[in-house]
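Have a look at this one before I ask anything.
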Amino acid sequence: MTVEVLLFASYAESLGECSLSLQLEPGATAGDVVGELRARPGGAGLPRFPMVAVNERYAPADRRLEPGDVVAVIPPVGGG
Amino acid sequence: MTVEVLLFASYAESLGECSLSLQLEPGATAGDVVGELRARPGGAGLPRFPMVAVNERYAPADRRLEPGDVVAVIPPVGGG
Amino acid sequence: MARIVSTALDPAGVLDLVAGADRGGTVLFVGTVRDHHLGRGVVELEYSAYEAMAELEIAAILAEAETRFSTVVEAVHRSGKLAVGEISIVVAAAHAHRDAAFEACRWTLDEIKQRVPIWKHESYADGSSEWVEPCATGRDA
Amino acid sequence: MARIVSTALDPAGVLDLVAGADRGGTVLFVGTVRDHHLGRGVVELEYSAYEAMAELEIAAILAEAETRFSTVVEAVHRSGKLAVGEISIVVAAAHAHRDAAFEACRWTLDEIKQRVPIWKHESYADGSSEWVEPCATGRDA
């Protein structure tokens, strides 16, 4: 299945992209997306368990994904 | 000696005056002013030890007065 | 600057007074006339102040707040007649960090309520009116 | 109403949003861009947001604050480039009593800082720049 991945701030800078599509096995989790990203060039700096959002809401790393889900990997936020 | 007395809010209403002059013995205190006021018509409602200010600053009841001092008797305040 | 004023208060103007490039957090308290008090409908309110002393007390409280919290603090209080919804008091505190700004604003507000010689006369929907004396602060109470 | 906005924030406008005749105390927090951060001179700052999610998170925080404190609460956050002194965030909480207004404003501000996906990129006087990530919130940190 295909999921959309969004990257922000320092994570987008490290990986050199703001968004990308990933092909995953059925049953893959949000954590698997992070694993894929960490294996890419520039991805080693990502924490193993960063904050993740699925379809615009925070989700745990074991959240099972559906085709078309939007997975955002969220660096430490700094609003205010 | 003569001192000026200021009354406010419910105390002014009780005593029917906002300001008055009092003749006091030399050595009289802020507390003596309160005693004089309590002896007047309408003065019985004043507490025995209300908040008092002398020359625009809070002062204790035993504060000795000088001629010309301005003594204000301060009801519970309610700003804000 | 007069801090007891008989004209409408402007919160944005008070914010400007405490602004500064080294102060990233400003906490503002705005008090407005409520339409009820202890279950009674309020239609009008009049603040009466011992003005000369009230100015001195507010200035002393602001100076103490600035020392205590290392903040810049400002406050103004309305006098005279106010309708429901009108602003009675504005307190602003600015600091590099939000904790100190919150604490300084709160402390200043509480001190003003406790120490500044201002009295509130409320007129109620049932036609009655009275001086609001929150609790007896006379020392024999 | 959009709460992540790219134009100048207006504190007085946010105050108006929470005003009400039964709410006598309003606490407003105004955050502005400071000229320094951890000892370095800041010349410019850029807020970048995951906007769709940030809107949802702020709305959820405001709803929770209203339930928790029985207050009316509003918040807006700036996005894009800001100069020193410009307003980055405004939070307002109104309640009949000042205690609840202070608590609700403070709680809402803290939640926004912790949960809303907004990132700050600072440019310094020495020509360098970086993403400000206050502390590692990754779960293996």
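Going by the order they are written in, the chains are A, B, C and D; count residues from 1 in each one.
Here, a contact is a pair of C-beta atoms (placed from the backbone, for glycine too) under 8 Å apart; a residue touches a chain by one contact, two chains touch by 3 or more.
Here the structure is a predicted model, which means the values were calculated and not measured.
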Each chain counted as touching chain B and chain D at once: C
For chain C paired with chain D, centre-to-centre distance based on mean C-alpha positions, whole Å: 25
Chain A and chain C, separation of their C-alpha mean positions in angstrom: 49
Where chain D touches two or more other chains, by residue: 31, 109
Touching two or more other chains - residues of chain B: none
Set of all touching chain pairs, with the criterion as stated earlier: A-D, B-C, C-D
Contact footprint of chain B on chain C as seen in their complex: 31, 47-50, 52-54, 56, 77, 88-89, 109, 112-121, 131-141
Sites on chain A touched by chain D in the complex: 6, 8-10, 13, 47-51, 53, 56-58, 61, 72, 74-80
Partner chain D, residues of chain C touching it in the complex: 11-12, 15, 19, 21-36, 84-85, 96, 98, 101-102, 105-106, 109
